[in-house]
Structure formats: structure tokens, C-alpha cells
Amino acid sequence: MAEFFHMGGYAFYVWMSFGISALVLLVNFLQPLLKHRQALREAEDYYSEV
Amino acid sequence: MNIIAKWYYRLGAPNWFYPLAGKMIPWVAAIFVALLIPGLYMGLVTAPADYQQGESFRIMYVHVPAAWLSMFVYAAMAIAAVVALVWRVRMAEIMIISSAPIGASFAFIALITGSLWGKPMWGAWWVWDARLTSELILFFIYLGIFALYNAIEDKQTAGKAMSILTLVGVINLPIIHYSVVWWNTLHQAATVSKFDTPSIHIDMLIPLLLMAAAFQFLYLLLLLMKMRANLLEQDLASGWVKKIVFERQKNLKK
Amino acid sequence: MRGFFYLIKRDLTLAFRRRGEATNSLVFFGLVVLLFPIGIGASEKLLSEVAPGLIWIAALLATMLSLDNLFKEDFQDGTLEQWALSEHSLVSFAWARLFSHWVITAVPLIIVAPLFAISLSLPAEAIWVLVLSLLLGTPLLIFIGGIGVALTTGLKKSSMLLPLLVLPFYIPVLIFGASAVEVTAGGWSAAGQLYVLGALFVLGIALAPFAVASALKVSVSQ
Amino acid sequence: MQLEAQNLRCRRGPKTLFTDISFSLDAGKLLLVEGQNGAGKTTLLKLLSGLRRPDKGEVLWNGMSIRSANSQFNRQLAWLGHQNPLKEDQTAFENLSMLGAIRSRNERCAYEALQAVKLGNVKHKAVKTFSAGMKRRLALASLLIADTPLWILDEPQAALDKAGIALYEQLATEHLENGGMIIMTSHHDVAIDERFIERLILGQ
């Protein structure tokens, strides 16, 4: 397993690439989730008054 | 109304699109994961190391799909821009503003992984290679589209202005790309472009196609989620949101 | 076509009465060119090597910054509405405004450019190609920049949005313009670059006004 | 000549400004659009003039939609918004001839129009020296040299003094008498003969 992570000496570059990509895409996944939840809460407040 | 027109009309209506997108999201997410796992496994483990680049060529499995997607997303936005301007479909404008950040993220990933791939192979973090330079310009165009939409308060005007900018962009992108390629040959000895995928062996190709397909579904997934959020936020005071809120409250009471 | 020539005459007389506007971009152009020797040292060999790109970048920035409120005044005082509702299409309005803006701000720039080229020790034969490339390039910069300006005309607060929208589309013009001068300075012929610049010029002049008109229509209907 | 609106609807963001606005206006009539601020008066005028497209509904000029017959409709329309479309550094005469160049001209010359709005003595002075009332009158003068039966005016009496308002009402009455049409908004009442006027209240 160890040499798998070693990636023939390029461990830093390979795992950094996959890591940053995963991070950026995760942000793109979470942002709409939070925004959707927040918009729903706003809608509920808006209609609770009306 | 024939079936296509009915579909076309309904897709444009938020109260129909919002629940439909909600139902589709789990399925799209499932397909994405089903493609991602084998793609990653084959890409990182089973695919043979490249005789020149060794293991670092595996960065290709993230760099190339991200670069493809950054262009695919822009093409999809350009089509939506035509639909938005010619048939005045508001849903197409929501699609564009939801796609822009996703496209920008793919372009950003392509740039970062490109420089991480370049460093071990050619010793420089940034290489003024034709494709990387075009990708950087595409990244700035995405930012411009996103910034324009957010700078205009009235969302109807913002949508139209953004659609026009998207179309201006789609006409300019080929011109920019070929002038950058020409500029690149002028300033560097005509080496084979550094980011041509290596002579692709079948075991290397399959994970690449799997990863590309996985990224396509990821784009669809992120797009649907972003469109639902943007729609709900913009249409706060309109009838269909009121119906959804009351339905949710009814289920909670049950 | 009456309105078209009237508009150009009006713009020229207005510019004549407000002399400040045209000279601002000229002063900016001179200052930017002045900054470079100070910044990167005044060694003659280095400067002459960098001069083509430098002059072109300075001209590009000066043109873009002069564009900033090209349509804002017409938008705010209602002239744009009058044109939108006249029998003349907004395309002819856009054409006239962009053309008169080119005459007011870019032509003085082109006249002065050889002066700055000499100060940056650009070889003599390259100066003519510089003027020709600017003659082809600046209208292109103004017409493409006009699209960005038209899109941001409706904005209340003046945001630094124009450069972000417009600079990516300036890149091909800069590539061929600067390399035309650079190649001539090196002794080769710049025919290829100038032909491509001419092609971009025709494409830009033909298509940009339609994009400007539709962007203005969006701003006016706010 | 007839301008007809068919159940116009317009939204600004999530808020619906007005919906199902329908009316038809014939030659020699004045439509007075009233309503508080923010009721969408200016937006309605923009819909009727074609500056902005309605979300739903249609505007017809002589039975044809103004979007398809756009340039014919524009040739017969004179628009005056809140602001005066004038350039401060130009003289009154230059501004007027510029506005005349945009619209289809009638035989009335610019000097005559300036006399009609009592600006004859300042025709070669720069507009920046004018008062707000004089600027508004100069903008109104541009209506006189245009051969446009339909006037769409957004608060034409704004910034006018009493004499200016009387002048405007006289010009409007003349225009209506020789078969013209006017659509205007106003905050205070308009002293024009009731037989010409139809009212439309926005934002109940």
C-alpha cells in the first residue's frame, strides 16, 4: 500500500492535484445546499408573516 | 400542442422544473458515483505507469476531464444564451448564471492540475503553453460573466446582459484560442504541445473516458442543485414558492 | 441617415467644447509610456526590445479607460431613449457614437505614438508599421470595448467591471498588433500580422455594433 | 388611429407591478395615468412606447403589434421621459435640431417652435444657463417640430411654473384638437377639457 501512496516519487503532485480538485468540487456541492436551505428558511419566514 | 412544445413550455416553468429537478438529483448523483469509483480506481491503480512520465501522468485523469468540462459548460451556456435571448426563456438565464461558477471551477481545476503536472515534468510551475493560456483566458471570461450578473440589481436585465456577453464570448473564444496558439509558436520552438495526452494505451484510455463521463454527470448534478437554489431565492414572492412552503409545513405536521 | 451624421457632428462639436475629455486619454498614454523606462531601467537595448509591446499595451489601456462613460451620459439624460424610440435603429446610434469616440480619443493617440516610439528607441522603420497597426487596432479596441460599456451602462455605481469584461477580448488584437511592430523592428516583414489584424478589424466593425445595440436596448428597458 | 393595450402584465423582480391592464385610445383623446409613486406609471409608459416588453399581453397600434411594426410605430411616436434629453454644452437651437433629426420632421421650423414655447430670445444660448422650467419647455418644443400624432409624456409638467403649465395645456389641447393622441402621467390635476380625457388609475 505504501508504494501506492508514494506514486513513484510524485506523491505530492498527484495527491495535491486530486485533493484540490476534490476540494473545489466539494465547495461547488455544498454552496447550493446551504443556499437552498437558507432560501427555504427565508421563504418560510416570508410566508409565516403573510 | 405537440409533445416537444409541451415539454419545452413546461421546462420553462419554475413550478414544474423545481420538483422535477428535485427528483432527478438523487439519480444523477448515483450515476456520478457509479462512474467515479471505477474511473478513480482504474486511473490510480490499474492503469500502467507511463514510460516517460512515470506515475505523474495520472494527474491527466483529473486535468483532461476538467479542461473538457470547462469548454463543455461554456458551450452549454452559449446555447442557453441563444434560447434566453431569442425565445426569452427565463429558465435559460437561470441555467447560465448557475453554470458560470461551475465552469469557472472546472477551468480553475484544469489550471491548478496543469501546473502541478508541469512542475515535475518540465521544471516550471507555469508554462505559457497555448492550451494553458487559453484556459486561463476562459477562466477570466467566466469571472466576467459572473461579475456582470451580480453587478446588476434587476435580475431580468442582468440575465439578458449576461446572455449577450456569453454570446460575444462564444464568438471570440475560437479567435482567442487560435491567436494564442499562433502567439505560442512565435515565442517558443515548435515543440509538441506539452499537454498532448501521451500515446494513449487502451488501459489508460478507459479510465479517462470514465472520469470524463463522471465529470459530465457531476456538472449536471451541481447545475440542478444550483438552479433550484437560485430559483427559490429569486422567486420568493411568487405563488409556486408559497405552495411549496405550505406543502412542506403540511408534511412536517403529519 | 440624417440622424447618423447629425450625431457625429454633435459629438465632434461637444468634444471640441469639452476639450478635457480627449486630452485625458492622451496624457494617460504618455504617463504609462513614461513609467516603463523608470520601472525597468533605461538601457537602450532593453527598451528597444520591449518598446513594441509596451506602446501597444499603453495604447490599449488608454483606449479602454477612455471608454468608461461613453454611453452613460446619453443614458442618464434620456438621449438614449429618444434614439431607441426613433425610426433610426440603435445600431446606427452605436456606430456613430463609437466612430466619433474613435476620432476624438484614438486619432490623437495615433498621432502622438511615433513620438513615444522614438523616446523608447524603437527602430525607425518599425514606427510606420506601429502607426498602421494602431490605425487598424484602435477602432477594434473601441468597438469591442463598446460592447462592455453598453453592458455596464445601466449600472448605478461605477464598478471596475469594464476591464474584466473587455480585456480577454482584447488579447487577439494585442497579440497581432504588438508582434507586427516587433517583427518589423527585427527586420522581417509584418504583412501576415497586419492582414490578420485587418481581418479582425473588419469582423469587429461589422459585428460589434449589433451587440452594442442589443446591450443598449437592455439597459434602456430597465 | 388607435392604440390598444391587451391585458398587459409587468413584474419587477418578485413583485407584480400591475396585471390585466387593457384599454383602447382613439384619435383626439388623452389618457391620464395616475397612481402613487412606485405604482409603475413610468414602467407602463415604457411598455406602451415599446421601450420595454411586457411579461404578458400585447400593445397594438392600428391593430398591429408594435413589436412587429416597430419602425412605423416609432415614426409616429414622440416620447418624453422624466429627464430632458438635452446636452448642457449645446445651445437651445442645436439641441432642438438634434432632436428634430431623430424624429420625422413637420414643416414647422425650429425658430417657430422656440417662439411657441417662449424661448425665442435665448435660442443661441447654451442650455447649461437655463432654469429647470426653461429646459422642460425646450424639451416640449421638440414635440412641436415633430410630425408624430402620438405623444407619450412622463410628467410633462414637472419643473414648470404656472405659466409653463398653462402653456403645456394649451399645446396639448391644440394637439388633441387636430386629431393627436396623448398618454401622460401627472401628480396634480390637468386643466384640459374633460371631453378629451380618459383616466387610468394604477396600483389600487
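Before moving on, here are some points about what is shown:
Just so it is clear, A, B, C and D label the chains in written order, and each chain counts residues from 1 on its own.
Here is the rule we use: a residue touches a chain if its C-beta (ideal position, glycine included) is under 8 Å from a C-beta of that chain, and two chains touch if they have at least 3 such contacts.
The shown structure was predicted, so the numbers you read here are calculated from the model rather than taken from an experiment.
Chain centres here are means of the Cα atoms, and by that rule the chain farthest away from chain D is A.
Looking at A-B alongside C-D, one finds more C-beta pairs in contact between the chains of A-B.
Centre to centre, using the average C-alpha position, chain A and chain C are separated by 42 Å. Chain A and chain B, compared by their mean Cα positions, are separated by 15 Å. Our note on geometry: chain C versus chain D, Cα centroid distance of 37 Å, whole angstroms. Once the centre of each chain is set as its mean CA position, chain A and chain D turn out to be 55 Å apart. Across the assembly, chain B contributes 154, 236-237 as residues in contact with two or more other chains.
Taken residue by residue, chain A touches two or more other chains at no position, since every residue touches fewer.
Counting only residues that touch two or more partner chains, chain D has 53.
This structure has the following touching chain pairs: A-B, B-C, B-D, C-D. By the touch criterion stated above, chain B contacts chain A in their complex at residues 44-45, 49, 54-56, 58-59, 62-63, 66, 101-102, 105, 108-109, 112-113, 116-117, 119-120, 218, 221-222, 225-226, 228-230, 232-233, 236-237, 241-242, 244-246, 248-249. Remark: chain B residues 88, 154-156, 234-238 touch chain D in the complex. Residues of chain A that touch chain B in their complex: 4, 7-10, 13-14, 16-18, 20-21, 24-25, 27-29, 31-33, 35-36, 39-40, 42-44, 46-47, 50.
The residues of chain D lying in touch with chain B in their complex are 12-15, 53. By the touch criterion given at the top, residues 85, 137, 140-141, 143-144, 147-148, 151-154, 157, 160-161, 164-165, 167-169, 171-172, 175-176, 179-180, 182-183, 186 of chain B touch chain C in their complex.
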